[in-house]
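Accompanying notes for the structure given below.
In order of appearance the chains are A, B, C, D and E, and numbering begins at 1 in each one.
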Amino acid sequence: MARYIKSVKSKAGIAPGTLLYDDYQEVPVSIDCYLRKNENTIFSQITLDEVIPIVQGDGNFWINITGTPPLSWYEKLSQDLGIHKLTLEDILSSNQRPKIESYETYNFVSVKMIYKAKQKGQGALMEQLSLIETNKGVITFQHTELDTFSGIRSRLENVNTRIYKLDPDYMVFCILDTIVDNYMIITEKVGARIDKLEDQLLSGAKMPHFVAKFSAHQRELNVLRKNVRPVKEVMIQIMKQDNVWVKPEHLPFYNDVHDHLLLVVETIDAYRDLLSDLLNIHSTQVNNSMNEVMKTLTIFSAIFIPITFIAGVYGTNFDYLPELHYKYSYFIFWCVLVVVAGAMLWYFKRKRWF
Amino acid sequence: MARYIKSVKSKAGIAPGTLLYDDYQEVPVSIDCYLRKNENTIFSQITLDEVIPIVQGDGNFWINITGTPPLSWYEKLSQDLGIHKLTLEDILSSNQRPKIESYETYNFVSVKMIYKAKQKGQGALMEQLSLIETNKGVITFQHTELDTFSGIRSRLENVNTRIYKLDPDYMVFCILDTIVDNYMIITEKVGARIDKLEDQLLSGAKMPHFVAKFSAHQRELNVLRKNVRPVKEVMIQIMKQDNVWVKPEHLPFYNDVHDHLLLVVETIDAYRDLLSDLLNIHSTQVNNSMNEVMKTLTIFSAIFIPITFIAGVYGTNFDYLPELHYKYSYFIFWCVLVVVAGAMLWYFKRKRWF
Amino acid sequence: MARYIKSVKSKAGIAPGTLLYDDYQEVPVSIDCYLRKNENTIFSQITLDEVIPIVQGDGNFWINITGTPPLSWYEKLSQDLGIHKLTLEDILSSNQRPKIESYETYNFVSVKMIYKAKQKGQGALMEQLSLIETNKGVITFQHTELDTFSGIRSRLENVNTRIYKLDPDYMVFCILDTIVDNYMIITEKVGARIDKLEDQLLSGAKMPHFVAKFSAHQRELNVLRKNVRPVKEVMIQIMKQDNVWVKPEHLPFYNDVHDHLLLVVETIDAYRDLLSDLLNIHSTQVNNSMNEVMKTLTIFSAIFIPITFIAGVYGTNFDYLPELHYKYSYFIFWCVLVVVAGAMLWYFKRKRWF
Amino acid sequence: MARYIKSVKSKAGIAPGTLLYDDYQEVPVSIDCYLRKNENTIFSQITLDEVIPIVQGDGNFWINITGTPPLSWYEKLSQDLGIHKLTLEDILSSNQRPKIESYETYNFVSVKMIYKAKQKGQGALMEQLSLIETNKGVITFQHTELDTFSGIRSRLENVNTRIYKLDPDYMVFCILDTIVDNYMIITEKVGARIDKLEDQLLSGAKMPHFVAKFSAHQRELNVLRKNVRPVKEVMIQIMKQDNVWVKPEHLPFYNDVHDHLLLVVETIDAYRDLLSDLLNIHSTQVNNSMNEVMKTLTIFSAIFIPITFIAGVYGTNFDYLPELHYKYSYFIFWCVLVVVAGAMLWYFKRKRWF
Amino acid sequence: MARYIKSVKSKAGIAPGTLLYDDYQEVPVSIDCYLRKNENTIFSQITLDEVIPIVQGDGNFWINITGTPPLSWYEKLSQDLGIHKLTLEDILSSNQRPKIESYETYNFVSVKMIYKAKQKGQGALMEQLSLIETNKGVITFQHTELDTFSGIRSRLENVNTRIYKLDPDYMVFCILDTIVDNYMIITEKVGARIDKLEDQLLSGAKMPHFVAKFSAHQRELNVLRKNVRPVKEVMIQIMKQDNVWVKPEHLPFYNDVHDHLLLVVETIDAYRDLLSDLLNIHSTQVNNSMNEVMKTLTIFSAIFIPITFIAGVYGTNFDYLPELHYKYSYFIFWCVLVVVAGAMLWYFKRKRWF
């Protein structure tokens, strides 16, 4: 199973629109429903069977489906609500690239939620969010439980908020806004760790784990980038739809999300550049260090190897070795050693090796 | 013969549309024919002579020609069906770049099929698929036998499938869909191996075969990329043809293939980046390791070279060497050795070499 | 807290347009007001309460608000002047990407001011400038005190200047012009330091602090680039607005700013390239130097190691070692040493190692 | 004289359209003329003086001028046929960038022919081809003799070929087609050599000439790329000319050339990437090898340096050195040596150095 | 003062259009005037005061102003001829990026002249050329004396040249043509030096000054590129102006300049790529060389270190060292040395180290 694409084999060659979880792990279904009735927005937990009547009913709604409903239920969604089989296939797939598709009676949006894990030490978590927007409301699908929508939920309890009316296009904005806000949080967190790595690197401290940390950050940035960049196209397409789906008074809100998205993408790119600079700097530091090490070795060797040789000469046992028998030989011997060593030192000093 | 282009010499300067296999290896011809008659789709194996009458007949059809028909038969195709000589030349060529071309009476599409070999240990296989779409049906040409169309074949036996009607533009979609699904499978497989290589590299294990594995993966990605990227343009051109050839109700299907193709291309690019990062990391690890090795050598040398020299001095045979004759000389000698070695150790410790 | 994005967590999931300082540090409010009345422009320091009446009044104005007004005051701005909540949110944010947004009754511009610190040794300072342009005047917001507008202020005291009339679009030009002029100053300063670094590097001098200096300059350029580049889009959008907000006679002035901005961006890019070249050159110098060091070591070792070995042989104490007892042994011994050493030297000379 | 541009000095500042060979080497003029008369195409060798009457005559023609006609003749071409002086200047220049220019009465195309030398061992040859297309025929100019048009010539002798009618736009296609076919041949040849280099590199064989071969291939690719890429623009411009010059029935032929050109450009780019990968792999191999070498040295040194020191200690001549006199000293001495060496080996084994 | 931008501080914050030399060095004013009267073109040297009357007069003219006229004169230019203050500011600035700006009554063009210095050994010189084109003539401004216009001047003395009529748009073409021709000359010169550097590098000669030469060439290319690239946009804008300023019959001439400019830019880019390749090759050569050096050192060490150790063992002075006393000990000792050394050699040979 590869990191950037997975479990594609099961679906090759089968009929398009065949409903199939490509990476199935059963998760119990739990459905939050916010329904607007008589100027009020009421929250309730509903069952799968209640979803279709509410969607076909009169009031505005936001239905958030967590877990893995049975395939037969998706089949009904297709028949009763006219959702295209290809849309449902994308909802069930775990490989869906962020995108938006407009059908006659609904918009379909697929993006990745990326958010900080609650437990410390764990990295970023990622989950696919699929969204169907009709002219009455929004249905969102997520395969596992999570909590990035808590802000939206609490605002939905407050009658004075703009979101309270459950206007579908404002609802879509709120969901995308929350998701992009979480991109910003995770980007800041990764960025702060990279900044810290840079500070350590430039402080000159020994960094035995540099490569491991570097790789971890690079991997995080790459996953972020691969999932965030295509969302830019999604936002641009939403805002270009001649305002059929986005009311003019909500356009500044979508603009705001787009603006934040640009900030995230540019920040990710800036950190990618920074990481690549850090590797270069680390390499340069290692090379400089090795150069110093080699100079040290060479200076030591060049000083001691010749004088050790001279000592070796006078350690030979030749019968006839006249220098050994003069009285001042040993003194001269030391003088020669000192002169040779000094000459070496002077030579390396002149070459500016130290 | 080069990897990315081959056997071009035979065709230089000859008249355009001259029918010629540029890389001929005889393969017996085998023709599958699906023909729609009276609301039924009937399968039969046909001969080369039966192809033209079926194409000129009334029913929808899919004719899949495997092998290397004689050039004279292609000549007839040109005369009887009005297929342009340049189209036939492209079908016969082994160097054809993925493309789509629209003529008045037919569309011509050329892509590469890439699929996993059945035998383990073998890499990806590649074959050129040429496709002619008329307003009645589809003729596909492949030079060697293979099995990526098995899913299509089994769906064609089922009367309840959309494909059963042999609608030409839906048929083309099914073929492209199957081909792109196989791109995804091969990309996942290569990707999984690269991810595994990364895990090994970062685990710190010795990797004597890193360069060989790295090169193999890089080569696989490059071949994939060179053949998959141009298909993007093919898809975009098909979908832009003002729906003359693609019925509006089939457009979402083509969109789905395009979507998967984008996923494949982005995944290939992500893995190319990852591979290039891995090489950088490997280089950094090797440099770091060499730095450690050099420090070890230098520390050993710097400690022992001076004290070996001192031992050498007192191994000389000078007649007059007073230190040799004191009672505590040997003890002092050892003290000096220990002090010198200790000073060296202290120096390297202070420099944080270990 | 990351360098390129900060304190985003506080705002995730809350309602859009919620007024909130995301990086609050209280700074006392100080308001400069230039008001045009009866053909005269009068300067006065005003309070927060006086701002709205002046904006709603008749005369042209430039109101520059320094510091952190209370959130309640921004609330009034939204209600009384019809400033969109999202605009005010951007003014309060410290992460705002440079941008321009046109609303029905005002233009909103957000850019970063970057200017030299007055104290020596300190690097560049950066501050966010938010600007609201109505059809009567300009309000600017800056969170901390600074002095890049001194040129504008002194020109506003001179009745003969074009700026004296407080024409809003000319006023906006003057502000952007001053900001871009400061980009040029800081770019020149950073550039001069990089040029100096290059001169030192190429002079062959020892550069123990090269990596530290290199990193500092790279960081400065990256921050500059990230904040200056998006301003290009801002300028292009201002000039494209079909001259609703920019009078035709002022267009050449905006063009002039755009021109300078292009110069800044190209200069930053040229210096980024230069820095990256410098790192390459430094690496090459280090490698060349290490190569020289290694050759020195190897030459020394290869000359002395063999002759030291020979000396060692004749230092052995074998009872039967005939060479020791010949009269000319010692002389021949030296000859052998010289020949071996000379052969080594000749070998390395022939290999052009020195 | 530089490789990519040459002999420009002679032309600086002189009047535009001044006729001047900028890199003159006299080559005798030889003119092939194919002329269509009464439904027949007749070949003849003509002189310079016959060119203009034929161009002004009735029949379709292809006149191929090899060599360096005198400047006075070009002057007549300008006066009698209305060829712009700038066009003639481009024909005479040796630096002309591939381009197409449309004048009222003719099209001018300049491209480089690149073809394999006949003698083995020689690299690719390059020659500039200038082409003037009128509504009656085609004049081609080449400064030196060569043979890439042999295919065209033999087809022109065959009455059944499409080329036999000497339709000007089909003639232009045939010439460009032949030229691009030769690009393919040379690209395949260079590519095959690069593939072979890769195989050698990955086989692990010693490659003393890697850098030389690498550079040669890189140089070949760069020259190819610089001359082939601009031809893409030429083809696109020809096909965009609203079919004034290209008849609709010939458009597929131009499309075919464009298709092959894309294949060549993509293949060149793929090989450039491959070459750059090869250099990286070579670098990595060299680094890995050096790492192994250093480890070997360090292991040897670390084992023998300490025990050589110990031996040195007991080679000293101190009067009072008690260990020397015990009976088992020499045995213990060897034990110590073995233990020290073994400890070293164990240490490096644990560090996984071998 | 930075290389790519300079002396910007003096102009920050001052009123736009304030006339000010930002990098003032007084140069005496010298004015060449070519004036067309009664079908004749007359040359004369004029004073600053004569400029405006000539411009306001009837005849076509080319006025070339060399040196630094007083600011008061520029003031008059603005008032009497309606030249925009921003245009004059650009003429006075030394940082002006190449550009074209169209005003109602004139075109303004600013480019850099780059030309070979007359003295050998000096590099390229650069000077800013500002040009004002009215419907009657052309005024050019250059701050220092130089001689790239000598070709134009001599053609202006010849009554039979096209330039003799002093048609303003043809005059502008001639000036730009001359400037671009000089770009070509300087590019060829730099290119030739880079080609020579490559030849030396690949010949395997020792290159102690490689880095210095490399950096010098890189610097030259970067300066060239930074000043030449923006001229492409200038040319494109001139040719796009719907031929208000360029007469249709002169368009091919502008096209010719554009063509040469493309050649220059592509050649600069090709040489930048080549330089970067050269650095890679140099690095690889240095690494390969170091690898050889290290192998030499290791082979020497690995052969002699063990046998020196063995000699050391038999140099010890143990009382009881039995091997010393056998008759054939010394012979066996040499045998062992030879075997050990031979084993080492065999080992390294098998590892293909030499």
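Following the convention adopted for this analysis, a contact is a pair of C-beta atoms (placed from the backbone, for glycine too) under 8 Å apart; a residue touches a chain by one contact, two chains touch by 3 or more.
What you see is a predicted model, and the numbers here were worked out from it, not measured in a lab.
Shared contact partners of chain C and chain E are absent; no chain touches both. Shared contacts of chain A and chain E, meaning chains that touch the two of them, come down to C. Of all residue numbers that take part in the contact between chain B and chain D, under half occur on both sides, making this a different-residue interface. Separation between the centroids of chain A and chain C, computed from CA atoms only, is 26 Å. The geometric centre of chain C is 41 Å away from that of chain D, both derived from CA atoms. Looking at chain D, residues 283, 287, 290, 294, 297, 301, 305, 308, 312, 315-317, 321 sit in touch with two or more other chains. Judged by the touch criterion defined above, the protein chains form a single closed ring in which each chain touches exactly two others.
The cyclic arrangement of chains, taken from chain D and going next to chain E, is D, E, C, A, B. Per the touch definition, chain C reaches chain A in the complex via residues 1-9, 11-16, 84, 86, 89, 95, 97, 99, 101, 103, 206, 211-212, 214-215, 218, 222, 226, 230, 279, 282-283, 286-287, 289-290, 293-294, 296-297, 300-301, 304-305, 307-308, 311-312, 314-317, 321, 324-330, 333, 337. Across the complex, chain C is touched by residues 148-152, 155, 161-163, 173-174, 177-178, 181-182, 184-185, 187-192, 194-195, 198, 202, 252-253, 255-256, 259, 262-264, 266-267, 270-271, 273-274, 277, 280-281, 283-285, 287-288, 290-291, 294-295, 297-298, 301-302, 305-306, 308-309, 312-313, 315-322, 352-353 of chain A.
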